[in-house]
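Below you'll find a set of structures to go through.
One chain, subunit A, links the two complexes that follow: it is found with subunit B in the first and with subunit C in the second.
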Partner chain A sequence: MADERAEGAIPPAGVAHDGSRVLVGEVRTGLLAQSRALTEPEATAVVALRPGSQVRVSARPVPHCVSPDLTLGVHCPVPSASGARRDGLGTVLSRASVTSGRLVQASTHVRIVLGGARPAGRRRPWAYHLAHPGTIEVGGRLSADDLADGFLLTETGDGPGTTLDLGAVCGRLLDQVQESPILDQKPPFRARRTRFRFALLPCGHPAVGESAWSSGSAAADTTSGRSPASGHVCRIGFVVADETVRTLRIHGSGLDLVSIVGLCEDLALHDWLLTTVQHVVAGSRVRAGGGGRLPSQLTPVIDHLLHVWMPGARIGEELLPVWTGLEQRLGFSRQWESLVGWIRDQLALSLLASLGDGAR
Partner chain B sequence: MILFATSDKGGTGRSVTSCNVALRCALQGSDVCYLDFDFGSPTAGAILHVDSATRGITGGRGLHSYLEGSVAAPAELDLWRHIERAELRPRPAGAGRLVLLPGDEGGGEFPTDDEMTDRCQRLLRRLAEEFELVIVDLSAGRSYALQLVLEVTARPALQAVVTRWLVFHRWTRQHIVAAAGLAYGEHGIVDTGAAKGHHRDRLHDSVRFVRTAVPDPDSSQFAGLLPTQAAWLQETDAELQKLAARRRIGRSVLLGSVPLDPVLQWREQLILDSDVWTLRIANPETSTALDDLAKNVLDDESWEGL
Partner chain C sequence: MEVVVGETSATDRTVEIPLSHLSVELGHLYMEELVDGSVDLPAYFGRIATWTGPDQLADLARVPRSRLRASTCVLVDDYAAAPLGPDVVVPRLIAAARCAGLTIDYIARESGCAAPMDGAAALAGPRPAASLADLVEGLIVADPAAGFNGNRPPVHENGWLCNGVRSPAGGARQAMRAPVAWQPPVENRAHRHSIFLDVEIWREQGAGRRWSCPFLATVWQLLRLGQLRVLGRPAATPVGIDPDDLPATWAQFPTIAQLPGHAAPFTAYRTLSVLDGRFLPVEHAVRMTLGQVAVDPIVAEQTLRRAGRENVPLPAELPDRVGHVFLGG
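Our next item is the complex of A and B:
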């Protein structure tokens, strides 16, 4: 698959400085290992990963169950593109969710506080870190871009070594959900998991490979003039790295971190839908035209996936413009509509063919 | 489906045949992945024409490293980007995914522990979720690798996943006896599996056999034989058929039979249409046999209980 990049920018609004925060995370998305859609109580049970903690359930616009946040303590070097080894100490947060009783996601994220006021070597007690879940403090100098590049651009988060590996944490959680005894392990078809890595950085210099001004782009700034709140996005870079890995880099300020994670989960979900249906359609296009019969691979997609498409459904007011801007440039909906259109045509053709058979 | 490829002896043609089956299943549109669990001699990369993994991969990201716990996930090579054969680039239209999980160069056999078993279980379950066909090429004989997968497939998390067994053997007396022994004999697949909690009859019913490098007395290859030689070949073949039937590895559990092929005899490789029709070095019968085997692998009917 070719690289897809979407960028928009405003002039750099100041360099990242000490004490800056970078949000990094990964979302893995897959098809639930179950022959039919889970009911709400079943989906709730599957993501009830912490006894005594509530699962968040919403029925509309698509059924969605989210596990309580799981906390994991970490003390290891954080990623860095330059190879600088800077120790981080704190906790990362993970959660798992089931959408439409069909799709399963695990997501892990952490807010990394860089080179705070604390002198290197002077650590806070664990109690402090436990009181601030989802935050890692890094001692010593490390720039936000170095960290984000290291996190987003390393070939995979599964390499050897002891560096903070959010992908591994996330993958384990997804495995755990998929191994639930509630599931029958008989999915209607096979689908690859996707990995969606994201980083939210302060507005600053454009990183290597990103242009500050995407010349001729109508939507240079995603939010200006539209978002009434303080949230502001300066620049966005989305890359389809290979068949299963995507990276999103957002430069922004004043954004609510929790909702950014939600936005990324929603993007990852729709990217997975697009990727999966594209793969099935590509396979059946070659075989189509056999007497107007519906290629058999399409049936499960029609039955189980088409109705799940509901972009931005769970995105808060504040981030809706970000989502819309991104969506327009990535063309998710355009691609989806063309796929669905093709599937509908095949369906219509097969109906006509079977009517013809009946008349004969 | 997870398909375990086994053989009692090394050098039977297990890896070469399995790699060709993986390719053909993918060409027919299935999503396939291939795991090189032959830790002592990870040759899948060489057979699949992946230059960077001819004896496993370097860098510590192979299956060996994963099972040992030094990496969180093993490397996955998209073969449509790595196979060095022009006919297969770019990915042929309509083909499914084809992914190789290579072993580590210089890995070697190793005893397993509980954590390794957990990792193996997690990996196999995930791949069964992502791929229609997961082929696991196991070390020959009653190896650690065989023990390991019999252990994990007996666990609740994998019990619901369809798992099947192929035993590869050459068409000789010794190989027939050895293959039957590996499947049904003492400390064989069924025995060991039952001891680890598998349902004995169900496990027994999920084993099929593949004959490799089978000389076909009727083929043009043997056209130059003396009448006495031809008669002897016929007789021997008939005797071997009887022996196989007596050892319960006869026609009813035969999934495929690959003829002796001049190309495979000289080189471990994929047999493509161009080898048969353009270069005219491989026999068309080999290609047909591999196609039939691939079809049978994917056909539930050929796996139905006896």
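Our next item is the complex of A and C:
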């Protein structure tokens, strides 16, 4: 999987002045450890992770509270598919959010600047890195694809390792929120956490390792009629790696990194909803057919999750094509509608059955 | 058609505050010295005045003398013990400074950095900061040692902050084995050789935390640099006082008091502290700690943008905005 092409280290025109920049991040999504939906003040308190800092709250289209960004310093090799060891120094940013008083997410991201002019040697003062939060500078040559492949294809957060471990940072933050004393530790049903890893690379690279993910990839060409300066997405690749791990690779330029992180959080949230409801429905189908009674597992899903589906509501216009592209190829919303339809049918059948019981 | 939707509660509201070019600290004395009268105050301020002429200040602020906005301040050391109240100390300082031709614009009390916050900053929010010191501790992002990749929580030595990797604990010896050989500490940013510094931030004492003098001095620098906010509002703002009607205890005195007159704003792009040489270790600790404080990026950006508009050269790194003059004995 090594990227042998020299041009990998040379930034395409208009992307960066001193080296390629690759945004990498991970989002973990789960069900809040709480028996009922949190009110807005409760949700705000759960993600108020630093004294004196603001929690961002929005009420539409679904209630959403986001913690302040937390900063962590790291000094370690960055991921590389080819096994190249390139040391990076800087900070990663993490934040936690609660959506609809029900779902909890932790997300960690960092912009990795490759091929900076500075040779590996004496460090810059730490204050320099704090003045550029969420950036890791890497000394020595490393291509953007080598880095992205290394990040997307390697499992992290599970054990010892020496390279940058965003998964561990993200997982600890999710644990920290879930262990908040405000929560009663009694979720209404069991749901697995999902991991969503993403990478944003410059345009113009044919992706390396394409075969590893092309089966699930969707291409969306949005360049027509837009200048690159306004920000555009060239291509995206979405992979369902296993039951709980997804990866998204975006090639684009001029994009606002904060928006990209927001997009990935939104995608991860909806992917979790789909995965979780699908899992519950699959379990119910096995047991369904018992006298038209509503399978008991469906009740919490109806109570807590069905109204949370609002794809793309919080993302910027330049990124909407990503949602549209994924919709076209993967049919997120079609699948969701079909699941919701099945659940409603079960509900209607159980209503009819209970009416029938009452008539007898 | 472009549709723009926004919710005011969804965006950070961060208040801008007035800024001078330079905040000048006119010395620092321990409370004991004010009590026992061992220091000739007019002579002390006279030596400071030598270093704080308008040309020198304009030079340090990197602006022409005609444009210079500078304010002066003194921090009273009342945190450990305060046998004398503001009604005694404040007039004495003002008079001695006046003898040397200096005007003190603002007087702050060190205990204010550790006390519960007052005014708008006390507005609770979901997670209130207990004090300015508590607020600043939450902003510390430790300088990582080589090899730190995020897979463990950052080492949080209770109440200590350093600039590298500590020497392994000296007494540590595993059962039935020889003592571990001594290893030197390493400074993260050593220039051939290490100058390792380990600073006590706080210690548990009685019911609560006892903050260290260097850490409160770091809070003081951050206040002067205008970088502290609570829920987007200034964490502390100067309160006007009447020098003829001063309280007898420091608890009744504002965290930052403004004396009558036409002073330039308390907060500034840069600071200068003119201190006795004996404060060098404290200020070394202050610079190291400042270098590991990550202020709200919105505040940092606002300050840099305003400096740019005013044509004031300003480094992004906080320790580089802090200047010192150390006086010999």
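Methods note: the second predicted complex is superposed on the first by the 317 of 360 C-alpha atoms of A that agree within 3 Å, B and C clash if a C-alpha of one lies under 4 Å from a C-alpha of the other, contacts with A are read in each partner's own complex, and residues count from 1 in each chain.
The rule is simple: a residue touches a chain if its C-beta (ideal position, glycine included) is under 8 Å from a C-beta of that chain, and two chains touch if they have at least 3 such contacts.
Note that the coordinates shown come from a computational prediction; the quantities given were computed from them, not determined experimentally.
Once the complexes are laid over each other on subunit A, subunit B and subunit C both fit without any clash. Of the two partner chains, subunit C is the only one touched by A:Val74; subunit B is not.
After overlaying the two complexes on the shared chain, residue contacts for A:Gly283 are found with subunit B alone; subunit C is out of touch. Ranking subunit B and subunit C by residues of subunit A touched puts C first.
Using the contact criterion defined above for the overlaid structures, shared-chain residue A:Val57 touches subunit C, although it does not reach subunit B.
Of the two partner chains placed around the shared chain by superposition, subunit B is the only one that A:Arg192 touches, whereas subunit C remains out of contact. Look at A:Asp165: by the touch rule set out above, it reaches both subunit B and subunit C. With both structures placed on the common chain, the touch criterion links A:Tyr128 to subunit C but leaves subunit B unconnected. Judged by the touch definition given at the top, the superposed model places A:Pro181 against subunit B, while subunit C stays out of reach. Taking the C-alpha centre of subunit A as the apex, the lines running to the C-alpha centres of subunit B and subunit C meet at 100 degrees, rounded to a multiple of 10. Shared-chain residue A:Arg85: touches no atom of subunit B or subunit C. Figure legend note: subunit B and subunit C, brought together by superposition on chain A, show a least Cα distance of 5 Å. Common to the subunit B and subunit C interfaces on subunit A are residues 156-157, 159-160, 165, 168, 172. On the subunit A side of its complex with subunit B, the touching residues are 30-31, 33, 156-160, 165, 167-168, 171-172, 175, 178-179, 181, 184-187, 190-193, 242-243, 279, 283, 285-287, 297. Interface of subunit C with subunit A (complex): residues 2, 7, 9-13, 121, 125-130, 134-135, 138-139, 141-154, 188-189, 191, 229-232, 235, 290-294, 296-297, 300, 316-320. Residue ranges of subunit B in contact with subunit A, taken from their complex: 29, 31, 59-61, 65, 70-73, 78, 93-97, 122, 125-126, 128-132, 156-157, 160-161. Across the complex, subunit C is touched by residues 41, 44-45, 48-60, 69, 71-77, 87, 89, 91-92, 122-128, 130-133, 156-157, 159-166, 168-169, 172, 317 of subunit A.
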